[in-house]
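The following pair of complexes shares a single chain, chain A, combined with chain B in the former and chain C in the latter.
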Partner chain A sequence: MNGSFEAAIVGLGLHTAHHPALDSFLKDEPSAEPALPSGSALDKRTRRRASTLTRAMADAYAEALSAAQLDPETVATVFGSALGEASTMLSLLDQMFRTHEPVSPMRFVTSVHNTASGLVSISGKNRGFTTSIGADFDTPAMSILEALGVIHAHRTPAIICCAEEGAPEDLVPEEYHWALLAGAVALVHPEDAPASALRLRLAPMDEAIDPASLLEPAKVSAALAKSPVVGILDLIVRAAEGREGLVRLDRGKGRGFVAELRRGA
Partner chain B sequence: MSYLSKRVTAFSVANGLGRSRAEVEEALFKGETGLVPPPIALPFTTFIGAIPGELPELPPEIRGYHTRTSQIASLLVSGIEAELKRARERYAPHRIAVLLGTSTAGAEATESAYQHYIAEGALPEGYDVFRHHTYGAVLHVVRELSGANGPSFMVSTACTSSAKPLATASRLIDAGVIDAALVGGIDTLCQMTLMGFHSLDALSPEWAKPFSSERRGLNIGEGGALMLIERSGDALALLEGVGESSDAYHISAPHPEGLGAKLAMERALALAGVEPAEVDHINAHGTGTQLNDKAESRAIVELFGRDVPVISTKGYTGHTLGAAGATEAIFSIMTLLRGEIPPSLFASPLDPAVEARIVLENERSAPKRVLSNSFAFGGNNISVCLRSV
Partner chain C sequence: MSAFPPIRELIPHAGRMVLLDELLEWEEGRAIAKMRIREGMPFVKAKKMDSIALMEPMAQTVAACLGYEAYRGGAGVRVGMIIGARSFEIFEEAAAVGEELLFEVSRIRGSESLSHFSCAAKDGEARLLAEATLTLFHAEKPPE
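Right after this comes the complex of A and B.
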């Protein structure tokens, strides 16, 4: 892809079931008990409506926002997820077909894929750009692509947040039973970043690359490794380490997009 | 900054009005509704829009992806096959993106599979969440059928889902990442959607009557729409600008003063580099709910005054949700191509609180520039500015 179509990484955020923030993951200090996401970017009223997925997205987003010191009222946001609010959808189907209850209007409105996008924008009083996308195992790569487009068209900072709740076991075969994961990356136009900030560029796998520059994936549990968005975790870990090189964004299960990390001039 | 205009070089559309561009256009300009009583028993009365007739089977190599959503995708791709062939000869496959939108994706297939799961304790044989439910399934089908092999993803922002890819395509063409994009959206009918909107007391028991004093809510419609957007080429219309905004107000209710709607329209105009007076027509979101129509009318009047002709096409197709943005952008292009604005069906008698000028009869006013609005849950808003060639 266009070589100048890149951004600088200025903040990172992470939430997993045993790592409520990036630091605990990098230090390999998992909590003994699963840590439920708090939904820290959401106001109290909004938080009550939020699913585990939305809260995890809000936590990862808040950590990246804080690290980057961006303005929640203006930052653009791209929320990516393969299955989105699938558990909320299944709870609606249970109401309809198993318990034969009336459908909950609140559950219905928060079953849409852009629930996190909407609730974060409401809590942040943000009237700017937000979107919500999905592309199965290419979700991290395509979220980066969408963010790069917005950053270059509007010269605005953007936060991408990719997340998947624990796989809905009624719907997904056992080999795909993944664990909760939300990761966020704050990006700005390269000219608006400190010279030392890592640059991020997206490249398709068929672009001529040196295999030796492929960075190894992060060490994660088997359940996290199965997540359709584990590529965002691989990117976050290598970026946090300040590594240069290429990160596969799909662990071989998508269309082969990679992220190139390099130091600024 | 402003976009360079992109070229809409082909489109196809299917919904309750018909299965092809020609059928849909004929019904739209004749003022015929495609809304009918639902074919299944529901515990309430409403009307729906559904694509008439049988949908095409998928070719053998992708038959494992069979869902109604994928069948609609197949119908839409076949509707622009000649233009796609030309695009494939002109651009490398990886320079043609597939950027779609949906709110339901494979929910219709999963709803059926889940009923089987409840009854039998297992999902039906052959059901595969990655072939029948997720966004990637439809994207794969469209890539296979179209030969486009560039970046591809699904936008899912409820009722703005299929309009937002128009903005993405513009940005990626401007950035030199792609040369062309297949842009559009598909939504199928499912019980969950109907029951959900019923739970919100938002469904009309009769035809949807946007902007009418007798409006009682919306109807849900099935539909799909697909456009080929190119950097250059013989255009049917020009995509001048796409404005996006958030209400930052409520998860399901629009801002009462139409603040986010107005912002989206202002941003579309700014990107197009035009003044409000240069807009000749607006295809409103116009759902037929009390709150939406009042707020949208207010935003339109504040920005454009009371003279610009406004319609809602939800009385023709119902609200096609994730397909609405692309569908109504195509209706706007039809308006530009014909020089004629269809009536806002069922709008009479007009609500006196609606101050915008709602079109009640066909108008041959030869509009040159149209805005098409879509608003969604989450307070997500978009306005698409299109111009005749």
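Right after this comes the complex of A and C.
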């Protein structure tokens, strides 16, 4: 594992239906009832039209942004999701081709893969780089790859936010259904970070890596474990614990990428 | 003479966007179609069609598979669209004008409105050019 770009982790954020923030997950204090994400980082007008997925992304993003104390107007963002706003898109397609109802232009705008990227950056008056990525179970790894490129090419901080809404019933067979999950990691160039900040590198899971050397995945419900972006949660939990080692980012279901965590010099 | 109706009667595409030439084989949930790459076709540049563009004839083969299913049942052509590519693997960078390609699709699972199809594109020597798992939304053709 050498030769790859490195970044320092300076903030983390998490949202699940039973854990509105990372702290509640780490303390294993789930809410009794599932709660919808607040989307409080979005302005009122944007929040009204935001889906559950976009609100969850906005919540995780805001937590990581706040922890990292980065400038919301300039920070680069990478929003990753395997399916994106699939529920909104499917309901629009039903309107167009089944019920033959007029389609709302507003809902169309929020049905695309980069909805969260657009709404979060508009709401935060962000003028920085933003993009969206979908790569199935490799979504967390590819989001990190994109962010590392941006950080090193432009020497700018970046926040990765990976999320998946609850699996749309028609789209995903029942045995694969997963629950809502959003996780965010704020990264900066290693030279711009405190020495104590954990360093992160991305590498393929090649034969040189002993599977026994991997940090164990986080303990999560069966429904969260099935999420295509559960790897971001594994990374966030181990980074929050300050652990060093390798975190597999796809739980064995993607092409196989690991994040290497190590302490700064 | 083909055992199947002309391809334009099976898929909703029109004009130059009809890339397939013929449906060759069909059984419920599975089909094979043929396409010869021609100069002037959409996606053909410098006498080549990049393999990434093979997603379109793959999807048209799915349309033909579902279209013939509907045709046999006395229904009209169905419209559809690709809403996701769970995977797309490219083994050869491009195919050249004049080459005849075969597209084989088989349904992994499906409902009235959504289907997941495994798709493969092969050249005349049965060499695999690209493979994909596509998710498609489909419905009856909306009223004019």
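Just so we're on the same page, the second predicted complex is superposed on the first by the 256 of 265 C-alpha atoms of A that agree within 3 Å, B and C clash if a C-alpha of one lies under 4 Å from a C-alpha of the other, contacts with A are read in each partner's own complex, and residues count from 1 in each chain.
Everything that follows uses one rule, which is that a contact is a pair of C-beta atoms (placed from the backbone, for glycine too) under 8 Å apart; a residue touches a chain by one contact, two chains touch by 3 or more.
Predicted, not measured: the structure shown is a model, and the values here were computed from it.
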Simultaneous placement of chain C and chain B on chain A, clash or fit: clash
Partner chain in contact with A:H100 - chain B first, chain C second, else both or neither: second
Partner chain(s) touched by A:L83 [first = chain B, second = chain C, both, neither]: both
Touched partner set for A:A153, first chain B, second chain C, both or neither: first
Which partner reaches more residues of chain A (counting touched residues only), chain B or chain C: B
Contacts of A:D136 with chain B and chain C, given as first, second, both or neither: both
Clash with chain C, by chain B stretch, listed 24-32, 132-140, 168-176 or 294-302: 132-140
On chain A, positions contacted by chain B and by chain C: 83, 89-90, 93-94, 96-98, 136, 170-171, 173
Touch list for chain B against partner chain A, complex: 1, 3, 94, 103, 105, 107, 110-111, 114-115, 117-118, 123, 129-130, 133-137, 139, 151-158, 164, 168, 170-172, 174-177, 191-192, 195-200, 244-252, 259-260, 263, 376-380
Sites on chain A touched by chain B in the complex: 1-2, 5, 46, 49, 82-84, 89-90, 92-94, 96-98, 102-105, 108-115, 117-119, 121-122, 124-139, 142, 145-146, 148-150, 152-155, 170-173, 176, 204, 206
Contact set on chain C toward chain A in their complex: 79, 81, 83-84, 86-87, 109, 111, 113-114, 135, 137, 139-140, 142-143
Complex contacts: residues of chain A adjacent to chain C: 83, 86, 89-90, 93-94, 96-98, 100, 136, 170-171, 173
